[in-house]
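One chain, subunit A, appears in both complexes that follow, with subunit B as partner in the first and subunit C in the second.
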Partner chain A sequence: MPERNYDMVKKALNCPVTRRQVLKSLVAAGVLVAVPGGLMRAATSSDKINYDEIFYEGPYETFRNACPRNCYDTCSIVTYVKDGAVQFVEGAPESTFTDGGLCVKGNSYWNTTYSPDRVKYPMLQESRGSGNWKRISWDEALDRIAKKILEIKDKDGSLLGLALSKYSGNFGITNYGVEGMMSSLGYTTRFVGTPCWPAGIDAQNYDMGNMWCNDPEDFAKSKYIILWGVNPAWCSVHSMKYLFDAQDKGAKVLAIDPVFTQTSAKADEYWQVKTGEDGALALGMARHLLDKNMVDREFVNTHSVGFNEFEEYLKNEITVEWAAEKSGIPAAVIASTAEEFATAKPATIWIGYGLQRHVNGGVTVRSIDALVAMTGNVGKEGGGARYGHLQTWGFNYHALVQKQPKGSKGFSGTTGPKGEFAPELEETKFSDRTLNINKTARGLLEADNPPIRMLWVSCKNPVSQDFDLNLMKKAFKKPEMVVVVEKFFTQTAELADILLPVTTNLEEWTVNASYWHYWLGLNEQAVKPLYESKSNIEIAAALSQKMNELSPGSCTFPTEIDTKEWMIKEFNKGIYDLFGLKSWEDLKKGPHKAKLTSTAAWHDHKFATPSGKYEFLSELAAKHGHNALPKYKANRKPYAPLRLLTPHSKFNIHSQFQNLDWMHDFNPEPYVYVHPKTAADKGIAEGDRVLVFSKVGEVKVKAKLTDNVPRDALLMYEAWYNKNNFNVQNVVDDESSDMGKYKTGAPGVAIHDQFADVKKA
Partner chain B sequence: MKKQIAFFVDTRRCIGCFTCAMACKNQYHQPSGVKWRDVHPMSEEIYPHRECAHLTLACNHCEKPTCLEVCPVVAYYKRDEDGVVVHEQEKCIGCGNCIRSCPYGAPKYNPALKKAEKCSFCWQRLDADREPACVQACPTRALQMVDLSNFDEPDTVQYIAGFPRFTKLNPSIRFRPPRQPLEIRRK
Partner chain C sequence: MESLDQKGRILTCLRDFFISRQSSEIAKACIALSHECTASVPIATTNWPDVEFAFNKLFVGPQAVLAPPFASVYLENDPHVMGETTLMVRRLYQTVGLVSPWEGKLPDDHISLELDACLHMRMGLLKSGSAQLCDIYSFFLNEHMARWIPAFVAKINETQALSPVIGWVGRELDNWLARERRRVDQSSSEQP
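Moving on to the complex of A and B:
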């Protein structure tokens, strides 16, 4: 692009103009280069386009996209393109799950893509954290990066000093090419595990041998639904219609949550459970069912092991009164609800990810699984202990699986990184060094021999989203070089030396599956990458080219790739058969749903445990240092007067979306939510600026008073506001949850076992 | 009765997710601060749980629109075929009469264009046989487009608590009031 065009773009994007003028300027500047077909003609006659009046006016060229965020719903998108620019997006009508509509976040993808705040070019920060950025060329950026990698290899004899921090910022399958890029350089250091759901994954693996949930579209078949620690009205809006449909057909919906959520308001009944005592509640219900002889003996005798031991434990150590005392829910209510749940056929529990982010989170999930199993609801359509699944993720992981260069030295000892989405890798002489993703700050500070000299961050925003921000900021000072691949100038980007602009999901080819529903969606390149942005795999290819230029053979990643071809390489016969596809191109006509023999997980009662049965008693769990039975485990001991909850907001997925000006229109600032009586005790009034503080740090924020939160808790929604330094990670630590190491390589994080206090600022 | 299309807001199914309001921005790219549709939490006097019941509101496409009456340059007209109140922005002189007069606050000032603008009921989409962007986007079918000439949904009202009562305008909107769950709370 000629220099004058850059100036025009800069002018267009940095001036306070209307969004419509942005589009007009982009067309004029030739930024919106032609996409296939007749759009070329339209783009060249841009002087006739009146962008001051944007309204629906066909015909549009449409593209298939998918929302790649870490979200239950993984929506299928139709992108409407005209004159080489995205005009608007809609939910794909072919998916009965997405059902033609997106959410508040998905509807802002135009704003994401054309945001004036995007990282547009490779940038160099003169001194980390100084804000003294200058634009550099891709060649210079890659030259600096490649030379640093070669220097590390020269110094240490391995690349273990190069670490990767990546998680769920973009779940498009080809983005596993970032891990592939690391492997193609050598054996490196990986932050493994997940901050999201690992304790529950392990729990379901001990109980059933895998994490596998019913098709959420079969909620409508349920007669009794418990939404346990889950807020789909905010975090899975497309599931709500099935819950409403079930209610319309007479099903009862019970929401159990420490917080009165939007989902609670839609339920028939709400229980304000004491935070972290969900396991006690489930065990109390189980005990009552024993007393009433309401156990599904046919299921437990035929399809399970260890029920006698579980029964003995319940009889000896659990009473309904004890459960009431622990959970705060009256014994009579626990008893009558247990009976209703056991009587309704089918009945189901949706187990949220929040309730396993505790030091007793894994065993809590096991207790709830047990309640569903002993009532005979596992393996039933409309039943099930629903947590998540990876049944539709059987891709080739072609981008992920790359060979180390010949002669690479690595870590000897373990078998390399694990991840819930990654396939098992072959054991080799050397492996990557693995560090706990949930203790990234400590890993950066403490890893030695060699220390972490260089950090590569992609699809993750650890400085905004990881725990104990003060420690993280300290840790980010340590590496000799930090490279961040980003769309926006996030808090992590602020601590980069080199910042590389990445594409949005509307600018790249990939394919997306869900860990909740059973639809598969194609993600086409609807528009060419804006500015100088590249997709993760294009960045890997460009780096490989530079590496091989400087040191032939130092990187095995292909130096030229076609991103569409790489998307195609992810498909295989298994995927085609599962979804009834002749070719990936069938997905151009719309998303496809897996051909399920039943909507129920474990419908044949053939469990994947060592015994092949449902394991109330898991020897594997015992081998891993847990109780073999789902025995009650005490919660974390409080270290401050109030509990601190930092769950998800409806306006963002972690640090994505809240920074957009469209989102700011609807949610301009953060708050801490305080119970009116707690506020009165502290002399805090509605709207006061307050200080939330803990042993870790502090946050200044305005207060809203509501009895939606319990009296003994404070609540702040985690988010990244780009114009506000609010960050809940200032006041939470990185305490581990009980489970997660078995299937994801590291325990989870007890992010809801946190404590703080509040006072007027 | 003549055909009059209207928004029907089923607050039993509404989850206050703001999808409708953002879908409007997705379709029309209004500049920052300009919102044709917004989602308003009901006050706690009306629904006792803060920010857990909502009214999604845009232009009500009234039977007797004030905006149309006060516009000095006749930039408004009401479509005969479906009752949609249309604002012709190219005629608008930005005097602000409509903005000051509409008791529902539907017309908005666009500071970049120095003109008024408001919800069009997506009449261009309607003419192309599509639902309005907000209705199409609603994930729970809580926001619907209905024809008041044959609207007979049970348990619905025109003036829900918290929604101003201007009977002379006869706003084309209907609501179904929200429900509350049975609550078991800790002592």
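Moving on to the complex of A and C:
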């Protein structure tokens, strides 16, 4: 609205006399209650009307929020509200990590909540994928869902035909109530594992007994930093200030990445490693340190097991020249850098998640861990093999922990559903059926006895984010009912039968921790949920009410919940002690940081491995079918001429944010990035529309030429664009990575061991 | 309960149309509207479930809506709901003694709420003759609704192929606004 008009109405409406006189005349005339069938109601009755109420620009109310996405930074947010509407958000100044600033995505939370494109009401699709939707009431939606669940139970004798696909769309702790809802219905089928970081988690567990990283704020104490397969300039912008601090103090920063990223541009040195050969590079560095007698013998002798065997392996099978050939980094550079790294105390490596999304990803992380350990940098402030941590996630998981209804039948072991085959066994021995989340399409298609009859999706967009789109679309045709809980009309929502509107983080109560930094943030309900959206736990409660109406006792989830109370129930003494809180209400004043004995993980060198020491040789790894030592493992054999990389862009976290208008302004369309020489070979010019194709499928997209990508690679940033069917999963398959099953239930996925070709469309 | 004149009845039909939840409500509003003004489409043979699908694509979702029914989407720098426009409209409602039953869960500048507010204000004017109410109503029509309804109707027209019935209702909305603005302007000029 032009300023002049806005001023006019402000002037008109802020005048109490005007309002008083208008109201008086209307009340006197009985108009306020006299309009036939009016939607509006009278604000006040004539005898209670407050003539002196003045509406004016007052101070903002502020609320504490947190970014709940799958992001290193998990920012603490302050939300400014006026007249019940969010005006803007900013980073919380109390957190030294967030430091008062948000990234381009975090700043758009206002736009997320107030996008006109939100899913507003429960909707029913006439036939799956038809695009013809009817608005239905919550009652009708839940009635249809509950009846289907009861039908499945009646047909199969269990609810193993009901499957859940959920991951990281909202990491607010109360959102684990979705899993709780499933448990409260019975034993169901769960897609387990993670597409994100599982191979590295297992690797760090074999080496150290847990995944535990230093406080990222202690990067500033480092003398030498290797950023290995990680792009914090885009994916963890708040970590950059600590890296810059370290540089200012004289530390060297080396970026190792197949792609010349924005982080690489900020580093002192950049190595364009051959994709998937990071393990060879780490082993080559390790071999050189042996040759130069630069191993920290005090650490390996006192705090580790298996170093002799590792040393023998390096001497017998690894040379720097071999590592140079494999990795594409010159031998002299490998040697001199290894020496620099070993000499600088402390030195650290940030191990990115990209480099473990390979068939050799787990062992690559183990190789890098070994390099950090043998130089004595594990357990040192400013040192460490940094990957992630879950040290601050000791909540009660009150929403998650729900009991199955009495008499529920489920799954047992690996032999199949147990209910009808061994009814004499006690129900406590039943469990959920687990399927690999990274092979969701195959799970939906192949699970049998019983088949997946109903799929519930929340906090996830598998059609955009999971692998082999053609197979996924086929798989989504199989269940008899698909329920999707969403904020926006994603490509998964397109294939729902029933779509339920969920709240944004500004509309719900929860609490958030990070898997990178050590801050804890409250997430208050800053504004009322728009339209008919409900939080995940409110949906669970409403479903429970409907289930119990139709079949008493069929769902144990409480039917009435206070979402704020449920947030409070997630806290416990351990959390209070760790963060120095007297009450959760302390977090209303701002986020709190864990009280750390040291900023270093493993600072006491008491490792959580079976031996209690760092394990260069892990018998547990061997027991799980891997090499006991971090031995080189070959990359996936190419099946097309070019490698295909599909990493994160700075404008989205997976399929979130890019759909917003604000992001569209910054980044209106997707591209495939091609090396100019490769493009020349193929006759492709800047801006040409091209076809990227592989054995999996094809994608039509415009080309951008850049030597930031290797000559043998194509790069497309994974994203979900609004009103655009672009999807990198058309050309990505579901090949597994080597590790992940031990700690997450399923192996990871080799997202960057993909191959494709390109030609002019 | 007061009876409505023809313009009031048209306003009611338009309001009810845009707040419809299902095909039966859409049909009821359209049929009632066709009794007040000549329909340019064959109402009797309309397939209402198909109209409902189109209606949702335009105004409800779950797809990104083709013609968002919220003023702020058209009047703010960024196309979003619950902006300054929404709050201004809410204050205007409060000034004339009204409050949305959805209390902010549905943005106050939804087309149906605005049409309903018009209904209240024109009824108030007819009953009270308040000059100040006349000013507010005139402001609302001329300085607010007239600044976004044409863009809203244009978006409806862009999707005419989806549903001719919805296109017709859009034109009737445009017509109503033009006539009402003229009427209120004339009435204002006759004020002492």
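Here are a few things to note about the model shown:
Methods note: the second predicted complex is superposed on the first by the 688 of 761 C-alpha atoms of A that agree within 3 Å, B and C clash if a C-alpha of one lies under 4 Å from a C-alpha of the other, contacts with A are read in each partner's own complex, and residues count from 1 in each chain.
Please note the rule applied: contacts are C-beta pairs under 8 Å (C-beta built on N, C-alpha and C of every residue); 3 or more make two chains touch, one makes a residue touch a chain.
Please read these numbers as outputs of a predicted model, since none were measured by experiment.
After overlaying the two complexes on the shared chain, residue contacts for A:104 are found with subunit B alone; subunit C is out of touch. With both structures placed on the common chain, the touch criterion links A:200 to neither subunit B nor subunit C. When the shared chain is aligned, no partner comes close enough to touch A:346: not subunit B, not subunit C. Of the two partner chains placed by the overlay, only subunit C lies in contact with A:126; subunit B stays clear of it. In the superposed model, A:115 makes contact with subunit C only, not with subunit B. When the shared chain is aligned, subunit B and subunit C each come close enough to touch A:661.
Of the two partner chains placed by the overlay, neither subunit B nor subunit C lies in contact with A:748.
By the touch criterion stated above, A:216 is placed in contact with neither subunit B nor subunit C. In the superposition on chain A, the residues of subunit A contacting both subunit B and subunit C are 18-19, 21, 23, 53, 55, 110-111, 661-662. Across the interface of their complex, subunit A is touched by residues 13, 15-19, 21-23, 25-33, 35, 38-39, 49-53, 89-90, 110, 112-113, 120, 122, 124-125, 128, 130, 133, 136-141, 178, 180-187 of subunit B.
Every residue of subunit C that touches subunit A in the complex is listed here, in rising order: 1-4, 12, 15-16, 19, 21-23, 52-53, 56-57, 60-65, 68, 70, 73, 75-76, 78-88, 90-101, 103-107, 112-113, 116-117, 119-120, 123-124, 127-128, 130, 132-133, 135-136, 139, 143-144, 147. Of all the residues in subunit A, the ones that touch subunit C in their complex are 1, 5-6, 8-10, 12-13, 18-19, 21-23, 25-32, 34-44, 49, 53, 55, 82-86, 110-111, 113-121, 123, 126, 131-135, 486, 488-489, 493, 499, 527-532, 661-662, 722-723. Of all the residues in subunit A, the ones that touch subunit B in their complex are 17-21, 23, 52-58, 88-91, 99-105, 107-111, 233-234, 237-238, 240-241, 244, 255, 260-274, 328-330, 333, 650-651, 661-667, 704, 706-708, 710.
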